[in-house]
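You will see subunit A twice below: alongside subunit B first, and alongside subunit C after that.
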Partner chain A sequence: MNINIFRYEFRARRKSVLIWGGSLAALILLFFSIFPGFAGQAALVDELMKKFPPALLEAFGMSRLNMASVTGFYSIIFLFAQICLAIQAGNYGFGLVSIEEAEWTADFLLTKPASRVQILTSKLLAAFASLTLTNLVIWISTFLAIALFSDGREVDMNAVILMLLSVMIFQLFFLCVGLVISLIVKRIRSVTPYSLGLGFGAYILSAFSGIFGDVALEYITPFKQIDPAYIAEHGSFNTPLLLLNIGITVISLAASYWLYLRRDIKAAV
Partner chain B sequence: MNIFIHEIKANFKSLVIWSAIIGLLILIAVSKFSAFAGDPETLKILDTMPKPLLDAFNMQAFNLTTVSGFYGLMFVYFTIMGAIAAAMWGSGIISKEERDKTVEFSLVLPVSRNRVVTAKALAALVNCIAMVLITWGISIVAVQSYAPDGKFYSFLVMEMIAMFIIEMIFLAVGLLLGCAMKQFKRSGSLAVAIILVTYFMYVLIGMENDFDFLKYFTPFKYFDAVALFNTGRMEPLYLALSAVIVVGCVAGAYWTYNRRDLYI
Partner chain C sequence: MSIIEVNNLTKYYGKSRGIVDVSFNVEEGEIFGFIGPNGAGKSTTIRLLLSLIHPTSGSMQIFGKNVVDNGPEIRRDIGYLPSEVFYYEGMKVIDLLKYSASFYARDCTTRMQELSEIMELDMNRRISDLSYGNKKKVGIVQGLLHSPKLLFLDEPTAGLDPLMQRKFFDLIRKENKNGVTVFFSSHILGEVQRLCNRVGIIREGRIVETSDIRTLQQNNYKKIHVTGSGMDSSTFKLPGVTNLTSENGTQHFFFKGDINVVLQKLYGLQVSDVTIEEPTLEEIFMHYYE
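What follows is the complex of A and B.
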């Protein structure tokens, strides 16, 4: 851990954190503001849904959605927040060390009296600190939105807090997976296509398995591993899938250190 | 011409990756579809479901047990992937020169700036066309085992045209961003923001009628798979709107790039 690198990296992301945090807060508050009107209609739909055989609703991923409840509705908003979080964390992960090589500053950095382990650790901690700030914004705007728009309905705080706790695990997944991919490929010129591809790809995979009710895919996409609808319904994590998610994160992290310590850094001539 | 060929080569890998992603998506989805194909039980229950419920899950009126209904459901995912790829190509193809510090080199070549933009835009266009054709080809191969009828093929053509138009919109917007943004990094970030905002609008409209007026702002709503399937034609209003956006953005791209100061 090198405090100079940490400080530099943290400052470099200040603006990005402000923009992402602001957009996420706006997203949560805006979506939640339609809840009072929505809940009335949704209650009727929920009544109707009770008449259908549970097996079918399960197949369409509808069994879990109780949109008239605050938690059920919040789980939908949370899914969209997750897409943003995935892209943001992916951006930081993919760019963590690859930007230095793209901008020809990697050789400069490595001549500093800091080991590669120190460099990578400082950068990771700085990115994690930035992500945690975003995380904090989500906590605050969620409680604010619930206080403002919950319409006096009962809120299952346990499930909401579990979802909020999962944010950190979710961010770390995309940070570490992005980092390890950026170290596996030879060179990353531009970060956004990678993080968009990873984030949206994972989201669409999970949307598919929601519609068509298959199980095989749930294991590989973090949107299923940490499924807000599941949390809203059960009031708990899907523990095996959550452990799988953490496992992938830890393996990616270890592999990143291993790869970065052995990486051949291209320098400008 | 040389710039065009260079760009085609430079973007080839990216085209392969995006096509592989979309191909994988189709294969996974088609394999899941096998659980529904021709299962009258599912159909009966879907028929009795209330419309608002189907709307909320974007399953409006599709007969999920047929290949056409299934492909109607897939449409929005195709367009998202197409839109992301097109926006990335559009915004990257101009701004990457400044990122890679090669922009002075390409601009001292004996070609006008207009021709540089034209060659690059055409290269990105070819990529978009290739992506649609590949999606189309993979789809036709993937659904063969379900013996689709003639109507499916014409519906697929409509979907692919709609996907192409949406790609055009995002490509044009991306080009404009690449030309107009002073810092190359901003064009990519703004492209991300536009994709996310338009997609969230699309979702919001589906959830709540009060936000219906937003439909003019999100290209994902311009082409409704249900209407495409039932009427077999696109709404002229949205076709015109798409044309205005594309022409406006491309014209803006030329205009700003000619007046652009280079940051190197």
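What follows is the complex of A and C.
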């Protein structure tokens, strides 16, 4: 770990963290603010929901939910937050070393007296610090939203806290998988298409698995491995799937170090 | 002690050639010129020595230490100026230089000021606003501010105006006088000739010749022009004569071998003018590429 690299990398993401954090806080608070009206007419809402095709509800994880409960309602907001988190973490993962190489500044950094392990570790920790700030924003906005808009209804705090705890695991998945893909793919010119692809791809995989029922593919997507609807319903993680998620993250991380240490940095022109 | 020692170094990018079986030494305190056309493998060699890329086979040592195992330690005393300079666009020059300096244990502030003054670099400007030549100046200051013992210059003069080039060469000479070893890669032979003690010539990934710049000029060829009456293109058909051309009664040719052979020949002729000179490096160089 090199404190100079960490500081530079962390500063470079200041604006990004501000924008993502602000958007997520707005999403959670605004979305939750309609809860009191929503819950007040629970019967009506249930009636309404029955009119939607079941496949659509399944895709949004709404089929098994009690929308009139705070936890059930929050789990839907949380799913949207997850999509944002996936794209943000994917952005940081895909860009961690590839931006430097696309803009040819890698030559500058890698000819300094720092080892590649130091460089990658510092970059990873800086990205993790930025993600943790975003994570913090989610915790604060969630508690604030519940305090302001739960309408005096009972809250299953256990399930809410489990969801909040899963944020870090979820972020690390996209950070590390993004990084390892960026090291396998020959050259990344722009990060956004990749992170959008990975984020939405993983989400759609999870949504479609709901429609088609038993498809094994769903197990590899974090949206299923850390499914807020499941947590709201059971008050616990789906442990085997959660372990699978962590396993993929750890393997991606190890593979990233292995690849980065052996990587040839291409010359400009 | 050899500062750089390269043995049978080979690098393939997949199937395409980088360099093949390259061996050479660079001694302490010298300015070693590394010449060859674009694509010959100059940058590949430098990037290998800086651990930016990994060798396919062969070994490299810098300061007597294996490059592959001791990269970070070796790089403490290395300065690098690439042919194309790229820095973080959003940063100010001063911030970039401070970031660069932060990697080294010593305090580089005074040196940084000194170098910026010599190179007339405005440190308060943003990198993205700089012209190519000015970015190059940032590169020079950045490469030298930590007082390295070994300098890698990869075609360093591109983008510098002649005045700056001269200042740059003076700076390199001064560094060299203070004991800094310089590895200077270029395809412009004139500048290598002006600056270097010894050269390695690389062609299609292989070293064709490593030698003292004087021996290269002396032992090889003389460039001879003779003007006089009663001579034609057949007069100098001697062993050792090449590139014979005739123009307005003047014979131009290169000669390699015992110079007395030519002098004897001249003795019997009616000569009005004769010039015997060292060929330029350029001319020698062309010979290697024939």
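Keep in mind that, in the parts below, the second predicted complex is superposed on the first by the 244 of 269 C-alpha atoms of A that agree within 3 Å, B and C clash if a C-alpha of one lies under 4 Å from a C-alpha of the other, contacts with A are read in each partner's own complex, and residues count from 1 in each chain.
The rule we apply is simple: contacts are C-beta pairs under 8 Å (C-beta built on N, C-alpha and C of every residue); 3 or more make two chains touch, one makes a residue touch a chain.
The model shown is predicted, which means the values in this text are computed figures rather than measured ones.
J.: Tell me which partner A:Ser236 touches in the superposition: subunit B (first), subunit C (second), both or neither.
T.: neither
J.: Considering only touches as defined above, state whether A:Gly37 meets subunit B (first), subunit C (second), both or neither.
T.: first
J.: Report for A:Leu27: first if it touches subunit B alone, second if subunit C alone, otherwise both or neither.
T.: After superposing on A, A:Leu27 lies in contact with subunit B but is clear of subunit C.
J.: Can A:Thr105 be said to touch subunit B (first), subunit C (second), both, or neither?
T.: second
J.: Per the overlay, which chain contacts more subunit A residues, subunit B or subunit C?
T.: Of the two chains, more subunit A residues are contacted by B.
J.: Looking at the overlay, does A:Ile204 come into contact with subunit B only (first), subunit C only (second), both, or neither?
T.: Touch status of A:Ile204: first partner only.
J.: According to the stated criteria, A:Asn158 is in contact with first (subunit B), second (subunit C), both, or neither; which is it?
T.: After superposition on chain A, A:Asn158 lies in contact with neither partner.
J.: Going by the contact definition given at the top, which residues of subunit A touch subunit B in one complex and subunit C in the other?
T.: Shared contact residues on subunit A: none.
J.: Give the list of subunit A residues in touch with subunit C in this complex.
T.: 2, 4, 8, 12, 103-108, 110-115, 118, 262, 264-265, 267-269
J.: Mind pulling up the subunit B residues that touch subunit A in the complex?
T.: Within the complex, subunit B touches subunit A at residues 14, 17-18, 21, 25, 28-29, 32-33, 35-36, 42, 45, 48-50, 52-53, 56-57, 59, 73, 77, 80-81, 84, 88, 92, 96, 99-100, 188-189, 191-193, 195-196, 200, 203-204, 207-208, 210-211.
J.: With touch defined as at the start, can you tell me which subunit C residues reach subunit A in the complex?
T.: 13, 43, 47, 50-54, 71-73, 75-76, 78, 80, 82, 84, 86-90, 99-100, 102-104, 142
J.: Within their complex, state which residues of subunit A touch subunit B.
T.: It comes out as residues 19, 23, 27, 31, 34, 37-38, 41, 44-45, 48-49, 52-53, 56, 59-60, 62, 67, 76, 80, 83-84, 87, 102, 189-193, 196-197, 200-201, 204-205, 207-209, 211-214, 217.
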